[in-house]
Amino acid sequence: METNPCNKPINGESSIPSRVSRKTKPDDTIVNVNGVKVGGSEIVIIAGPCAVESHEQLFETARSVKAGGARILRGGAFKPRSSPYNFQGLGEEGLKLLGIIRVETGMPVVTEVMDTRQVELVASYADMIQIGSRNMQNYPLLKEAGLCRKPVLLKRGMMATIEEYLMAAEYILTQGNEQVILCERGIRTFETSTRNTLDLSAVPMLKRLTHLPVIVDPSHGTGLRWMVPAMAKAAVAVGADGLIMEVHYKPEEAICDGYQSLNLDEFGQLMSDLKKIAVAVGRNISLQKPATV
Amino acid sequence: METNPCNKPINGESSIPSRVSRKTKPDDTIVNVNGVKVGGSEIVIIAGPCAVESHEQLFETARSVKAGGARILRGGAFKPRSSPYNFQGLGEEGLKLLGIIRVETGMPVVTEVMDTRQVELVASYADMIQIGSRNMQNYPLLKEAGLCRKPVLLKRGMMATIEEYLMAAEYILTQGNEQVILCERGIRTFETSTRNTLDLSAVPMLKRLTHLPVIVDPSHGTGLRWMVPAMAKAAVAVGADGLIMEVHYKPEEAICDGYQSLNLDEFGQLMSDLKKIAVAVGRNISLQKPATV
Amino acid sequence: METNPCNKPINGESSIPSRVSRKTKPDDTIVNVNGVKVGGSEIVIIAGPCAVESHEQLFETARSVKAGGARILRGGAFKPRSSPYNFQGLGEEGLKLLGIIRVETGMPVVTEVMDTRQVELVASYADMIQIGSRNMQNYPLLKEAGLCRKPVLLKRGMMATIEEYLMAAEYILTQGNEQVILCERGIRTFETSTRNTLDLSAVPMLKRLTHLPVIVDPSHGTGLRWMVPAMAKAAVAVGADGLIMEVHYKPEEAICDGYQSLNLDEFGQLMSDLKKIAVAVGRNISLQKPATV
Amino acid sequence: METNPCNKPINGESSIPSRVSRKTKPDDTIVNVNGVKVGGSEIVIIAGPCAVESHEQLFETARSVKAGGARILRGGAFKPRSSPYNFQGLGEEGLKLLGIIRVETGMPVVTEVMDTRQVELVASYADMIQIGSRNMQNYPLLKEAGLCRKPVLLKRGMMATIEEYLMAAEYILTQGNEQVILCERGIRTFETSTRNTLDLSAVPMLKRLTHLPVIVDPSHGTGLRWMVPAMAKAAVAVGADGLIMEVHYKPEEAICDGYQSLNLDEFGQLMSDLKKIAVAVGRNISLQKPATV
């Protein structure tokens, strides 16, 4: 039977692209998100609502997650939605709110960019730009992010192999931007009881193959609020450098993803639990305020 | 156990977006690619090389596939490649070659666009623009294609459900462009003996749910040259409105995808076989020259 | 990165087990099901109800499918059901009914065996024993079937790679029984609009790798009655040596799988359509009565 | 579009079979494996070689894993192997060795049974019988295990949904045996860098739906020795009631699965790390000797 050259599994170091490879650079890369260092001994928590909805929503959520120990604020202004009839995000208005809350709380912010034409705009408001799972193989967008001077949070595609994921990151690095954080957020499998199947084995695999930091998104990875804490704890135990989680001050009123967002109390409780796991694996979750405050 | 609202299977007509739905428009949509009608009784064959490489390569291949019965020429100028170190296509130079061959052979051409900033450029050279599987959920690109006045060939994402696929098409239709052709090109499964798993059941499913034409790509669907004819015949039998296939005048010298490209003789033989199947299912594969010649 | 020896794709002839391999035996194996030859130029149709329910049900269905051109009767006496609270089949009583109808109609019968302790019993009533997809890697059962002197219909596991499937067949052949028919019946993927994803590319792949006959089950492969005809036609076009389909004289009253069973009229119409496809691919679907009548 | 009744996700409590459901029995079931209690506050470690090879191999491994904190010994006598040409286990001779080591070390043993005809035999040597992933839907075997008076370790099928898995367990409980331990051991996905994809989200999902204990197999779940510790830690953090791991005194000489077996030093180090995680989640890994010694 013929070998299919498109279908080869990762079977040798040679198949790992050079810039992202730990062979090329054995030491861990530390990504600096406006003073918050991702990839070191601290496990960095990124939290916030799925979508930016209003000043009140964003401010109340940001203040609380910061108090609980989150170091970076997340919130979507441009939302990739399966249906054109769903809420598409506030757009530039959302970016402006992120910019305001960023100053008011002193938290760096990360937000998604979907269009090559908007990379510059989004980067002007955000401390880190996110490329979402649907765009993991949007190569023009990856190249544009590589030209941008801000760190990039690159989420794994829901159908992407580890090798494809690393090659997507390589697209960014080839443009000169090495400040890239990887994020496992669930892959698509036959199982339907969870929204996606959170592939935690991707964390040790990626940490072995690349020097880039690796974080986990248990919110999209499970799609179930009650399951987020268990998977967040597992992610810390498995060796993740951080977590990104959806938290909303009123999940039941959230415009999107409310069913997978923690409320503020749940987030506070979870942070307390995560600190114990972090200590057990020789890491820490800092409570010190970000340098930018 | 809680219902996960993100994970619901298609379980009622209400979940099918309105513009693409056959409920909204019971009659088949005919897409007119510069005189070649897709979606009627004729099964339309689109053929050509994976990537545009040179005038000789494109011209020799185009002339032969046209003689064999192909109605539309395919060829990539901008190539989405997993690795940044692989050939990325000739870019605008490739578009210009397509423009030349289009005139020399009288065949309409289809070529891929990957970047919102290039939709206008690509549409100025092509008779139909293609959105590839990696960009099926690139919503800004879908919207831009919806604003363009050319037909759009939208390939199914390799891990997209039927429902997500229809919603992606809906993004194009909401912008006013109803000239959309759908294309099953293989989904990603656990099976590794083929490049992808060509999901032929998607054809009758899509034909039932939407009025848009549905074609099949057995080249990417299998990744194996010797298997393309069998799957092409099955695609015609199952009810596809057309096929898109990679054909190269010298597959062994092709810069990309040579292992899944038919040579000119194989293509000619296959066309002869396909015509018999087409007749057996009450369709036809025309040999008359395109109206534009 | 290390190669995982458990996870290698089929990448060389050497990985194909020897007895099933076409390298070992280039000529097609013809399986003789009490006079009905599977694997030759005739495309053999196997039809009948999911489960044996009563004499009337089985007789009326058998008589009609035979008139329509079916050569072998299917019907389950021991039913593998996901839930212990679902109908488990009539057991030996069902076997006896099969034995009676077999004589009354002159059709050979195939029925499933699930337990090593029942292989002898089932083989005493049936002309061919079936090993279902859930038992494809039930190695003691495969070995017992290999010791049995009746042909074996071995269905592909819903999660089995082509390589695992061939190795399962090899278990039967190593015991001295070479009368094995393979059957693609749908694999499990992320797609939920169909019950399984019928992997028609398995047919040409298997035909290339092994000398054993390969048939297709569009009923379980789709789980949707209205889709069975389209996929049956595609299966004939792709090169299958036969089909196995669920047909019921009153699908709306069937105890199981009624939603995927054709009624008698639908079956008759489909047979007429299939004959045209068979001719188009140089095969035939015979209407001559089985030799045993 | 029609609803496919076979394909419904778990979307209501009513779909969970009654005996295994936490609705029926809210309190955790404790499974007593000859004095070792699984499902309580202690996280129980099961360790040992893939296959029983010799007295020396089994004794040396058993003695060491017991010293490290393992409470139950695993070892295969009947091995389900994809190829008929691979080592199939020592059979009854292997059972006898397990029986000897069981007495010599005072550890309860668990071993796999594949054939309904051997359940009584295997149960006469083992303290717990295992039904492997390939047999998860081997219903006659499940029923036979349900009639047996020993606890049953039921592994999840590599492509079984949570719902199918619970229904398989229900088959055992309906026969009167409620001493069932569930085990997540990796599911099959498109990802090939690991042997399977260990679905840790199955643990909180199962713990929510059923009262049965749930353990994790990181050895088969990853297929990579170096990855086992990270996933074992994650399994404890996510809430598993125990782990089953392959450990060999000389992995490089193991007849099977050596590449995924820990050596004795690695196991000892891992146990030390796991205890810290157990404490962090309010559980414990006991070092006290089993009651039967």
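Couple of notes before you dig in:
For reference, chains read A, B, C and D in written order, and residue numbers begin at 1 within each chain.
We adopt the following convention: contacts are C-beta pairs under 8 Å (C-beta built on N, C-alpha and C of every residue); 3 or more make two chains touch, one makes a residue touch a chain.
Because the structure is predicted, anything quoted here is derived from the model rather than measured.
The chain with its C-alpha centre at the largest distance from the centre of chain C is A.
Taking each chain's centre as the average of its CA atoms, chain B and chain C sit 34 Å apart. Chain A and chain C have centres, each the mean of its CA atoms, that are 47 Å apart. Residue numbers of chain B whose C-beta contacts span two or more other chains: 1, 4, 7, 9-10, 159, 163, 188-190, 192-194, 208.
If you sketch which chains touch which, every chain touches every other chain without exception. Within the complex formed with chain D, the chain C residues making contact are 1-2, 4-7, 9, 17, 80-85, 114-117, 134-135, 137-140, 158-159, 163-164, 167-168, 170-171, 174, 188, 192-195, 223-224, 226, 259. Residues 9-10, 159, 161-163, 187, 189-194, 197-201, 203-205, 208, 221-222, 226-227, 230-231, 233-239, 273, 276-277, 279-281 of chain C are the ones touching chain B in the complex. Interface residues of chain B, counted against chain D in their complex, comprise 1, 3-4, 7-13, 15-16, 159, 188-190, 192, 208-209.
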